[in-house]
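In the part that follows, the structures are each spelled out as structure tokens.
After this come two complexes, each holding subunit A, first together with subunit B and then together with subunit C.
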Partner chain A sequence: MTPGALLSLAAISLVAGLVSGLWFSRTWLAFTLAGAATGLGAALSVLLGATDWEWRSAFSLGGEFVHLRLDGVSAMFLALLCVVGGAGAVYAREYWSEEHYPASAPRGRCWWSALMLSMGLVLTISNGLHFLIAWELFAVSAFFLIRLDRQRPEVRAAGWLYLAASHAGTVCLFAFFSLLAARTGSWELGPMREQTALAPLFWIALAGFGVKAGVFPLHVWLPSAHANAPSHVSAIMSGVAIKMGVYGIVRFSGWLPVPHAAGWVVTGLGATSALLGIAFAFAQNDFKRLLAYCSVENVGIILIGVGAALLAVTHGDATWGRLALAGALLHVWNHGAFKALLFFGAGSVLHATGTREMSKLGGLWRTMPWTTGLFALGSIAVSGLPPLNGLVSEWLVYLGLFDAAVSGGPAAWAAMPAAIMLAMAGALAMASFAKAGAMIFLGAPRTQVAAHAHECGMGMRAPMLTLAGLCVVIGLAPILFWPVVARAVGSWRPAWVTMEAPVPLVTLGSVHAGLAVLVSAAAAWLWRMAHVNGLRRGLTWDCGYATPSARMQYTSASFGGIVSGWFRWVLQPERKMRRPRGHFPAEAIRLERVPETVLERILGPVSAVVIQASSSVRRLQHGRLQFYILYVVAGLIALGLLVLLGGAP
Partner chain B sequence: MSGGTLNLLIGLAMGLNLLALGSSRLPSLIRAMSLQGVFLGVMPLLMEYETLNWRVVAVALATMVGKGVLIPGLLRRAMRAANIEREIEPFISFVPSLLLGAGGTIAAVALARALPLLPEHAGTLLVPGAIASILTGFILLIGRAKAISQVCGYLILENGIYLFGLLLIHSTPLLVESGILLDVTVGVFVIGIIVDRIQRAFDSLDTRKLTTLRE
Partner chain C sequence: MTLILDLILRLAVWLLLAPLLPGIINKVKAWVACRRGPPVLQLYYDLAKLWRKGVVLSTLASPGFIAGPAVAWVALTGAAMLMPLGPAGSALSFRGDVLLLIYLLALARFCTAWAAMETGSAFEGMGAAREVSYAVLAEAAIIAAVLSLSVQTGSVSLVTMLSPSAGAGAVLLAAGLFTVLLAENCRVPFDDPNTHLELTMIHEVMVLDHSGPPLAAILHGASVKLLLFAVLLVQAVLPMGELPPLGVAGALAAGVLVVTVGVGLVESLLARLAFRRVPLLLTTAFLLCLFALLVAWKGGAK
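Let's look at the complex of A and B:
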């Protein structure tokens, strides 16, 4: 079947899912999976084939003809959407089930279909006006999904913050598309790299899509939205929805000419996001917030790759630009897979314990072995450790940066610091996930809820296993995915297309495979030894305390104390402390909270000033009719004077 | 004869403006306004006495009846129903409003000189009279607290606009004239109802008390 037929099947299935979701959860699941499968089929047939799919219709909507297009770049994002969307639908059936949430489960199913459909439209539409409509639908469906559990005030607050931030971005997109249409004379989108006068529009697009992508200073909505949404929604938001922002940046930096400084700015934004995002992640105590900030970091990594590619465009060097862009695009897939896996794991913990605070958890590996194992696998992937997929895409970005640094020229001055910051971010990511894994799953249970946790059912485990499988496959056989990524790079810059995989990637694949064999052999040997000799359980070293309790374990704040200290200038932690005093100290307290620095220290005061200024203007609105008439008279007299004195012809 | 009489009438109307500004009793305010309405009704007959037709006569009669009898009657009824006689605490008290009105009238005459008018209008007081009436209407609207005084201010403002309209008597169709008149009458009806409602809801016609409704 052609991509067009598959896409229309997918759209029909999703619409059917949207309608049936209100009543029949099983039918909804069938339709959504069918939609995801056909959509994936369409994306893969474009990625593995040689030609793009394009469809111009005679049907007009809002005075513009419908124009759809699926090329390498959009097909990559579409494939990710279908995988995560399908996995999330399976997960949601058990996680947000009818019996636990009788009111919001049907709503959740409908909005889920609407979100998948609208994101699919954003990816395929090739007309500025229709793009804006689809973009708005996407933003609104995500808003309703975030607010599924709307009885809780913090969920409502997170939803409003998301909606406000999202619309601030949409304003920029309105400006971008209208200016583009005004300068080209048509709403049609497509490659127009020759029209160099369009280059400055890139900045507006960067701001608009940057908000959605959660780039560092624009990420204010992201942590609270991801933390407060139901976990399957967090997974698709973090795995796919923020990638729509990345898609916008990649798409329009590919189609339009870019300003000379674009590469520098995007690389700089990416490096900042990567480093500060992971610094904030490390300081969190709420594990979903940690994952959310980690998404900021990963968007940073993707943008470093995109920025390096833009630098390569400016300086005309395809060899390293291709590597960096391939790394960025592959990281879109990888981050989508492992972050959705991690959020599913987080949801499983939340489902079992009802708390997001790591200081209340611990020791879950005994009761939740599957979740522990899968979360550990996701952590290895997200930290960029071999032999999983996180390293593969970061490796490509590193290769691009190193080649740029070695090739000399001005781009080296951007590539070297970016590589260093990427390495620091990677180290911090590892530390963050060591902390999260240790706090949640290892040690002894810190509270009763943690002690009575239970493993999730098959409905939640199956999608996690699928995503974990994807992480392993990309990690062990990166070479299989090179043609797909090369196809997308070719759509971005036709001149850069090459089907030959870079040698370091081939090496990495074989090293990973070897490592995997070694690790499996070692694990099998350990398993056997444990079975043959039996396990001997004993107390851990308890520092000589006579009666150690579970509360004497490291807390997440104490684990992260030193590193949080390095980033105190941006984290601005709030501390409350009462030291133990005297020989028989009665009570001691140490509380630490990391605020949302950008939101609370910058945006909060600024909006307070704006509100104050507006309320002083509101004093004119006092309800006295006489004064209102006076305003009119004063206005009339002023106009008359203007005409008499200045404006008379 | 027409120019002189017309100017005399307009001059009287301008005098009535000052009377309206200076009087604290509502009945005299209404009387000044209704007399002004009658003068205005006569004007088209004077301007067009050579080529009188049924159209002009109809407009003149309707104006005289509407502004001289109908609207003042409605206002007197509202006044009696609300049981008030005087404007007690105006925002701008009577002497300052008189001074403002007089200043406004002088300014209007001066301004009319500066305006590029047609030669046949340059000699009449039509334009200064119109501007002065509009200013008077505004001063009443801004300076008075009782709703009925404000209605009178609104009607005097409308009289000023009517005077401007007379400049165009040749080119304004009947329909527009009668439309304006109908508008005013309906406006006064509505205001009469509102006055009644304000009276019942707040037990007063003081519009300052409406500030509680501002949001």
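Let's look at the complex of A and C:
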């Protein structure tokens, strides 16, 4: 079947899912999975084939003919959408089930289908006006999904914040597409790299898409929206929805000419996001917020790659630009897979315990062995450690940066600091996930809820296993994915296409496979040795202290204390402390919280000033009729005077 | 066949020689303090004994407590296989292997920290937190050092990066990498492997609850890591490219010996730093490596 037929099948299935979701959860699941499978088929047939799919219809909407297109870049994002969307739909049936949430479960199913459909449209539409319509549909369906549990005030607040931020971005996109249409004379989108006059428009697009992608200073909506949304929604938001912003940046930096400074700015933004995002993540005590900030970091890694590619375009060096872009695009897939897996794991913990505070959990491995294992696997992947997929894409980005540094041109000034910041971000990511995994799953349960947790059912485990499988496959056989990535790179810059992998991905894959085998063998051997020699259980050796309590364990804030001290200048942690006093101290407290610094310390005061200024204007509106008549009369006289005195333009 | 023989020989060199280094360090320390000290082969005896001993497992620990040391040991040995040994090259060399090596070390760190957190002990939490936090600065320093070697030689593969003679920034690089070696291997002035106060330790406190074969894996892995850093430091700094193969091997061995004795001397003559000074020293190491990078890049190496 052609991609067009598959895509229309996918659209029909998703619409059918949208309609049936209100009443029948099983039919909805069947339709959504069918939509995801056919969509994936369409994406793969474009990615593995040689030609793009394009369809111009005679049907017009809003005075513009419908024009759809699926090329390498959009097909990569579409494939990710279908995988995470399908996995999330399976997960949601158990996680957000009818019996627990009778009111919101049907709504959630409908908006899920709507979100998948609108994101699919954003990826395929090739007309500025229609793109804006699809973008708005996507933003609104995500908004309704985030506030599925709208009884809780913090969920409503997160939803409004998301909507406001998203629309601030949409305003930029309105400006971008209107200016583009005004300058080219048509709403049609497509490659127009030779019209150099369009280059400055890139900045508006970067701002607009940057908000959605959650680039560092524009990420204000992201942590609270990801933390408060139901976990399957967090998974698709983090795994796919923020990638729509990345898609916009990649798409329009590929189609339009870019300003000379673009590579520098995007690399700088990416490096800042990576380092500061993960510094915030490490300081969080709420595990879903930690995952959310980690998404800021990963978008940063992707943007480092895209920025390096833009630098390569400016300086005309395809060899390392290609590597960096390939790493960035592969990281889009990788981050989608392991972040969705981690959010599903977080949802499973939340489902079992009802708390997002890491300091109230602990010791869950006993009751939740599957979730523990899968979360640990996701942690290794997200920290970019061998032998999983995170390393493959980060390795490609690193190689691009190293080659740029070795080439010694002006791009080295950007590549070297970016490589160093990427290394620091990698070490911090490892620290953050050592902390998250340890606080949630290891040690002794810190509270009763943690002690009485239960494992999630097969309906939630299966999607996690699928995503974990994807992480392992990309990690062990990265060469299989090179053609796909190369195809997308070719759509971005046709001159850059190369089907032969320029780096030893086969070797990397076989080293990974060997490592995986040896690691399992060594673990099994050590386990056996321990049992052969005799294994005895005893109390943890706490410096000789024989009656430890669960509250004496290291907490998440103390684990992150050293690093949050280094980043105090940006984290601005709030401390509450009462030292023990006297010979028999009654109580002592030390609380530490990291606020949403950009939101509370910068945007908060600024908007307070704006509101104050506006409220002084509001004094004009007081409800007294005679004054309103006076305004009208004064206005008329002023107009009359203007006409009489010959102020005609 | 030769490939397998080469691999076995290489493994033998790394795995059998590594435990010698802590022995030499201890001998130097004893010599400076005018004591007789433990025998140089003490770690071998310890490992043999631990391997035969039973295991006491914390009641809180999951199977990850035993898997952690196993994974860490494999990761460190794998990293050693990627490290070239003078004229013999490395077991496997490809473009970008140096990045894999750095991330293998990170994997070992992750697993050690994970196993430490298994026990639910606040002391081990403290050690794990320190280990992963200081690693951030150490990793920045290592990547700066690797970048400087890479810019100097125009390559991203360890064998070609390490074979030519040292560049102009060799002294800076040596100082920076030696500091990183001390930090990554938990030696004085960052950590004191001899102390008995858990509050002041990093690495040693993470392994408090390990016993028997897992502890043997951890101790042996730590010695492999020390040898790895010493070999890296010597090859990055010493101009050995022109020597005949035997001469290179000799120079490498002598260099590693000098580094080891140097660690012992530092350990005898310096006191451990206060913890709030540790980041300062690591930042200094990072700056040294950064200056080495600047020298390699702008110093007319090409």
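What we mean here is this: the second predicted complex is superposed on the first by the 621 of 649 C-alpha atoms of A that agree within 3 Å, B and C clash if a C-alpha of one lies under 4 Å from a C-alpha of the other, contacts with A are read in each partner's own complex, and residues count from 1 in each chain.
The rule is short, and it goes like this: contacts are C-beta pairs under 8 Å (C-beta built on N, C-alpha and C of every residue); 3 or more make two chains touch, one makes a residue touch a chain.
Not measured: the values here are computed from a predicted model.
A.B. asks: Clash or fit: subunit B against subunit C, after overlaying the two structures on subunit A?
C.D. replies: With subunit A aligned, subunit B clears subunit C, so fit.
A.B. asks: Between subunit B and subunit C, whom does A:S57 touch in the aligned arrangement: first, second, both, or neither?
C.D. replies: In the superposition, A:S57 contacts neither subunit B nor subunit C.
A.B. asks: Looking at A:Q195, would you say it contacts subunit B, subunit C, both, or neither? Reply first, second, both or neither.
C.D. replies: After superposition on chain A, A:Q195 lies in contact with neither partner.
A.B. asks: Pick one for A:R624: touches subunit B only (first), subunit C only (second), both, or neither.
C.D. replies: The answer is first: A:R624 touches subunit B but not subunit C.
A.B. asks: In the superposed model, which partner reaches more residues of subunit A, subunit B or subunit C?
C.D. replies: Between subunit B and subunit C, C touches the greater number of residues in subunit A.
A.B. asks: Please work out whether A:A376 is in contact with subunit B alone, subunit C alone, both, or neither, and reply first, second, both or neither.
C.D. replies: second
A.B. asks: Touch check for A:V633: first (subunit B), second (subunit C), both, or neither?
C.D. replies: first
A.B. asks: For A:G443, decide between first (touching subunit B), second (touching subunit C), both and neither.
C.D. replies: second
A.B. asks: After overlaying the two complexes, what is the shortest C-alpha distance between subunit B and subunit C, in Å?
C.D. replies: After superposing on chain A, subunit B and subunit C come no closer than 57 Å at C-alpha.
A.B. asks: Would you mind listing the overlap between the subunit B footprint and the subunit C footprint on subunit A?
C.D. replies: Of subunit A, no residue contacts subunit B in one complex and subunit C in the other.
A.B. asks: Provide the residue numbers of subunit C that touch subunit A in the complex, in ascending order.
C.D. replies: Against subunit A, subunit C makes touches at 51-60, 62-64, 66-67, 69-71, 73-75, 78, 92, 94-96, 99-100, 102-104, 106-107, 109-110, 113-114, 117-126, 128-130, 132-140, 142-144, 147, 150-151, 154-156, 198, 208-209, 212-214, 217, 279, 290, 293, 297, 302.
A.B. asks: What does subunit A use to touch subunit B in their complex?
C.D. replies: Answer in residue numbers: 621-627, 629-630, 633, 644.
A.B. asks: Show me the residue ranges of subunit A that touch subunit C in the complex, using the header's touch definition.
C.D. replies: 362-363, 365-366, 372, 376, 379-380, 383-386, 391, 395, 398-399, 402-403, 405-406, 408, 412, 416, 419-420, 423-424, 426-428, 430-431, 433-435, 437-438, 442-444, 503-504, 507-508, 511, 515, 518-519, 522-523, 525-527, 529-530, 533-543, 548, 550, 552-554, 558-563, 566
A.B. asks: For the complex, which residues does subunit B have touching subunit A?
C.D. replies: Residues 91, 114, 138, 141-145, 150, 207-208, 210-215.
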